[in-house]
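Chain naming follows the written order as A, B, C and D, and within any one chain the residues start at number 1.
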Amino acid sequence: MTNSSSNTTVEMTGPRGAKPKRALSPRNIMIYGVLLVVACYYLLPLYVMIATSLKGMPEIRLGNIFAPPVDITFEPWVKAWSQACTGLNCEGLSRGFWNSVRILIPSVAISILIASVNGYALANWKFKGAEVFFTILIFGAFIPYQIMIYPMVIFLRELGLFGKLGGLVLVHTVFGMPILTLLFRNYFTSLPEELFKAARVDGAGFWGIYFRIMLPMSIPIFVVAMILQVTGIWNDFLFGVIYTKPDAYPMTVQLNNIVNSVQGVKEYNVNMAATLLTGVVPLVIYFASGKLFVRGIAAGAVKG
Amino acid sequence: MTSVSIKNLDLNFGSVKVLKQLNLEIDHGEFLVLLGASGCGKSTLLNCIAGLLEVSDGQIHINDKNVTWEEPSDRGIGMVFQSYALYPQMTVKGNLSFGLKNARVPKDEIESRVARAAEILQIEPLLHRKPAALSGGQRQRVAIGRALVRDVDVFLFDEPLSNLDAKLRADLRVEIKRLHQKLHNTMIYVTHDQVEAMTLADRIAIMKEGLIQQLDSPAEIYNRPVNKYVADFIGSPSMNFLDGDMSTKGKFKTGGTEIDLGNYEFVDGPIGAPVWFGFRPEHVIVGEAATSQPFSTKVVAEIVEPMGSDTLVWTSIENQPFRVRVDGQASIKTGDEFLLGFDPARASIFDKENELRV
Amino acid sequence: MNSLKKLLVATTAICSVTAGAFATDLEVTHWWTSGGEAAAVAEFAKAFNATGNNWVDGAIAGGGGVARPVIISRILGGDPMGATQLNHGRQAEELVEAGLMLDLTDIATEGGWRDIVNPTGLLDSCTVDGKIYCVPVNIHSWQWIWLSHKAFADAGVDVPSNWDEFTASADALVAAGKTPLAMGQQSWQSSGAFGVINVAIGGLDLWTKINVNKDAEAAAGPEMAKVFEAYGAARVLSEGSNVQDWNQATNMVITGEAGGQIMGDWAQGEFQVAGQTAGVDYTCLPGLGVNEIISTGGDAFYFPKNDDPEVTAAQKELAKLMISKPVQVAFNLKKGSLPVRGDIDMSTANDCMQKGLEILAAGNIMPDGNQVLSADTSGQIEDLMVEFWNDTSMTPAEAQAAYAAIIAEAD
Amino acid sequence: MAQSTRPNRLFRNLNAKIAALPMIATALVVFIGFTVWTIVHSFTKSKLLPKLDFVGFAQYERLWGTRRWLVSIENLAFYGISSLVFSLTIGFLLACLLDQKIRFENTFRTIILYPFALSFIVTGLVWQWILNPEFGVQNIVRSLGFSEFVFDPLYNADVVIFGILIAGLWQGTGFIMVIMLAGLRGIDQEIWKASRIDGIPSWKTYIFVVIPMMRPVFITALVLIAAGIVKVYDLVVAQTNGGPGNASEVPAKYVYDMMFKNQNLGQGFAASTVMLLSVLVILIPWAYLEFGGRKGDK
């Protein structure tokens, strides 16, 4: 028995190996069945949007919104993008799209830059009172925007930014700050403190450490923050409707105007094409970023 | 009479073979320790026995019953985990009785089993506390208690002491030994700590890469390791190995030094091939007494590591590092030249080609 | 819509060639986005562009309820537009008082507005402390019901000539699968219809007592109870009318799906765009055919104060233009509203407009709700009416009680 | 030996303080300053312009005497409680399903979460279309032969809030599911092993062991949903615009309409102050539980 490296074959009767599993066990049928039904429920609206947007109006009037399009036409898409009217402006959603892009780029860049520096200061350069301000900031994330809308109008007017792009960028920066600061603070806190100490011993200052040590190490969290902000700002409606003027309306506001204001007959196919077009940007980001998106919302949420 | 018997067990994770054609027989009342470095498959084997992992091929019998396809709870086992795995929202009593309640054990029966387990483990005062209010040691006692109340013959321990600090670990180790002596259950215990293995086990199975390297009593494993891996793994500080050959029958030769193997017990008689000559540091004798040993030589102390009870001296033989464990009171200092000697009968010699004991 | 767009682009292009460097961009906000309305706005734009300036259209969809907040917050927010539509009346009161609006008294005096604007009440609504701050551009009267000839023909009954006949024919319409009364879901529509029924059933005196003098007792009184009963009856007639926007409801009348719709004279534009002829395809009854009267609400343009003198000049230019004879004619024909001056030839106007002009000339006029009630009170009444309209469990008596409470609080 | 002077306290970490200025300004000016400003003005009779013309609690009295506001609150309470219950339950159940070591887990998760990337406007509009009785679900079911079938939540004042709930849940449950899934994955695998050894069926393990262990996750999810609910605005605007009638009004819309449409700022401020209070009612106990317990000084 001394050497039992045991490659001898032993005689076996009865069950051996893995318990045979039926692929169609009741448990599996239940799990996959429920998941399939759920998946259908979640996919249905997307499907309906796509199907409707590819139909002509006669087909819509006759038919079934769940039926696949028979005569596929891209006319509604063209119309939604470049011809749909709000009032006298019949430039379609394209105007809103470019407005959104114009709002998006500086808002995302500035809000992330400021929040990351804030988070960095909070994580590594604690000063007296910092936590107090931070606590207020986090509480601020829960204050209903409605209570701050009007003073913000006055504030922007006094700064001369009302109705201007800069004003909306400021609003997005301010209201995006709590969650982003939290995100960055938590991330920087999780980095090894020795690194920061070593850099200080090496004589690097506040900005030096930020740009040369922290920034290069934090690319993932910047990506997460970007996903969070791009979807958030793109999907914003309230600020867009209050703090911009009609020719600068972001896509969501313009979409609502196009769909909910009618000239004669409602063109459901154009409406759905417009709705899809507005949803495309966040959807693309979502599908492309996959796990990072999940990580972003989970980090922003669970750690709160 | 076997308690647990494992026959030709295979376990694959995808294309990775974690356990390979493994056979193991464990007697009733035996304390078997599965020992090995992390990733050797020892915990995997334990999980297979518990039924927490589905085996790919082979059989598992517990108490002469083929349980290969049985649910964990029907295998007649109890298990204790490294992270204790207590149900945090229940009291100690709740933790002990939850499984029993679920199995619809009568209420007074539950009471008496819980009381007995609590008494054995001396956790009566803790019964109404929640796990969060317990120390690590207390938690692990509760976890053992949870296995105890199941009234089973086989206990499985998955590195139960690894989350505890050194002192508690030593205390609880003794406790487990006492428990085994009292209950006489079969215990299968996974650890990477050789002290635990040596102190607790009736037999130790040393595992590497999904294979059992050696299954033997602790003494046998210590004295007569079957291969270089086992020899190196067991013992602290680990065994010295001198690189040489046995081209002259009955003699080991490394560089200019020749050691007469004298009373060494060969497995199949001496071979004329390159070998490793293994010798445990604690079996070396230094100073005047060394001259009385079959082999002795003069060496220089290169590094001296005093550890209180004893001192580890680093030296070299034929430019190969050689450690010597000497008494803590010995007065060897760095740079000192001293005499060492040993009896080659206590050595372990391994064929350099297959690293098996010769 | 497309042709309209081309037209605008074309005119803009011509102007930019002819006028070149003198062009001042003037952004004009309004909420005229339906087909007929947009065509009317284009008349303003065309005329303004012809002066060498540039009309920047700032249409805000969703009706006055959506657009007004945008307009006001922009004025308050220090980002004023060049000119903006507002219903004249009390909506802009505070903006004027806060000194945010351009004083138009000089051009009004110069153009003799006091003499040409008819009825003069319109100009009074633009006047604060003796100064004029807005240009009334049209008269819109709520007091109409629009009837579909097709619907009544399908139901095999004659087109009614008053409200009573209309309610009497409802059963026949229902039997023919029609909705007797089309009504959009937006609150201002049900509230407007209430005002119309109020005048038609209760008479002008009662209306004045309540809306002008804020007599809560009258609002709670038995005469008003009759109005609420009639209003409740109208609610029953509109069952099955699920559309949101007023022009969708009008469309139900145009297609013959619905028998009629109580809506202001702006509905006229929709019939026109649909190529229908008054008296042939549809009939309009002022004052529900009971009490022929015209309310003289309407739209006015305000010109927020601006630091740029060039903009101010352009603003005054536009103000003069809007009240000028040719623009008034062109605009109002498209819009389906009545012109604000009595001295122009509206002979090309259709049947319904002619009726309106006659009533106007006869002086059967009343002020509009917006002129006598604050936005706040109007809003409260709107909320009440739309709730009543949609919540069939609310009895007319309950609604009346709530109504009286609002009037008692009104300022 | 050089004497190093102790730097002025204010200037210590000066760069950090400068860097934190935007945060400090936001916290003080926007979150505190604006809030206080609005609360103060809610006691005035500001109409179109904010004026410090105090009228005591008159705005609040009117608020609670206004049917539309009461409807809004009722809707909010109903929508809030339903979406809390449903999204926590559905979110958790879906997370449990995905936690069963299933194939295509990523695909399913992606499908269930994607609506969360969409704006409420898009969500509202697509569900407006699906629930359209002329073309949508009602029409389909009728064409299958059930000619009396009625499903027109967006046009029926009694059930319109369900129509909004369906859309809201469609958009938001995926998010809750992801949080729950993260929570489930955070549970020590050995707990599962222990319960299998104890022979506890997995549904029982979920109820008696896992859910109690996930209490913090549930609380976080609850606070997030609750804070989101109070802000519900876009969805209603896009889907029903408050209709039919006022049946689907919500407080956020009441505030907006009062401020900008009815030109009654004071009333809007009072309503938004009540919104703030309702958030604090949720937030303060949570913050107390979450932070108060651990740090006694906060």
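Following the convention adopted for this analysis, a contact is a pair of C-beta atoms (placed from the backbone, for glycine too) under 8 Å apart; a residue touches a chain by one contact, two chains touch by 3 or more.
Just so we're on the same page, UniProt names per chain: A = ABC transporter permease; B = ABC transporter ATP-binding protein; C = Probable sugar-binding periplasmic protein; D = Sugar ABC transporter permease.
Remember, it's a predicted structure, so these values are computed and weren't measured experimentally.
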Remotest chain, chain A (ABC transporter permease) as reference, centres from CA atoms: B
Whole-Å gap separating chain B and chain C, where each centre is the average of the chain's CA atoms: 93
Chain centre separation (chain B, chain D; CA means) in Å: 55
CA centroid of chain A (ABC transporter permease) to CA centroid of chain B, Å: 53
Length of the line joining the C-alpha centres of chain A (ABC transporter permease) and chain C, rounded to whole Å: 42
Residues of chain C whose C-beta touches two or more other chains: 70, 73, 76, 244
Multi-chain contact sites of chain A (ABC transporter permease), meaning residues that touch two or more partners: 154, 260
Junction residues of chain B, two or more chains touched: none
Inter-chain touch pairs (all): A-B, A-C, A-D, B-D, C-D
Chain A (ABC transporter permease) - residues contacting chain D, complex: 31-32, 34-35, 38-39, 41-46, 48-49, 52, 60, 64-66, 114, 117-118, 120-122, 125, 127, 130, 133-137, 139-152, 154-155, 173-174, 177, 181, 205-207, 231, 234-238, 252-253, 255-256, 259-260, 268, 271-272, 275, 278-279, 282-283, 285-287, 290, 293-294, 297-298, 301-302, 304
Chain B contact footprint on chain A (ABC transporter permease) (complex, rising order): 1-10, 12-19
Interface residues, chain D side, partner chain C - complex: 47-49, 62, 65-68, 71, 133, 152, 155, 157, 241, 243-247, 256-264, 267
Contacting residues of chain A (ABC transporter permease) [partner chain C, same complex]: 83, 85-90, 153-154, 156-158, 160, 162-164, 241-242, 245-247, 257-258, 260-266
In the complex, chain C residues that touch chain D: 65-66, 68-70, 72-73, 76, 91, 93-95, 98, 185-187, 190, 242, 244, 374-376, 378-380, 383-384, 386-391, 402, 405, 409
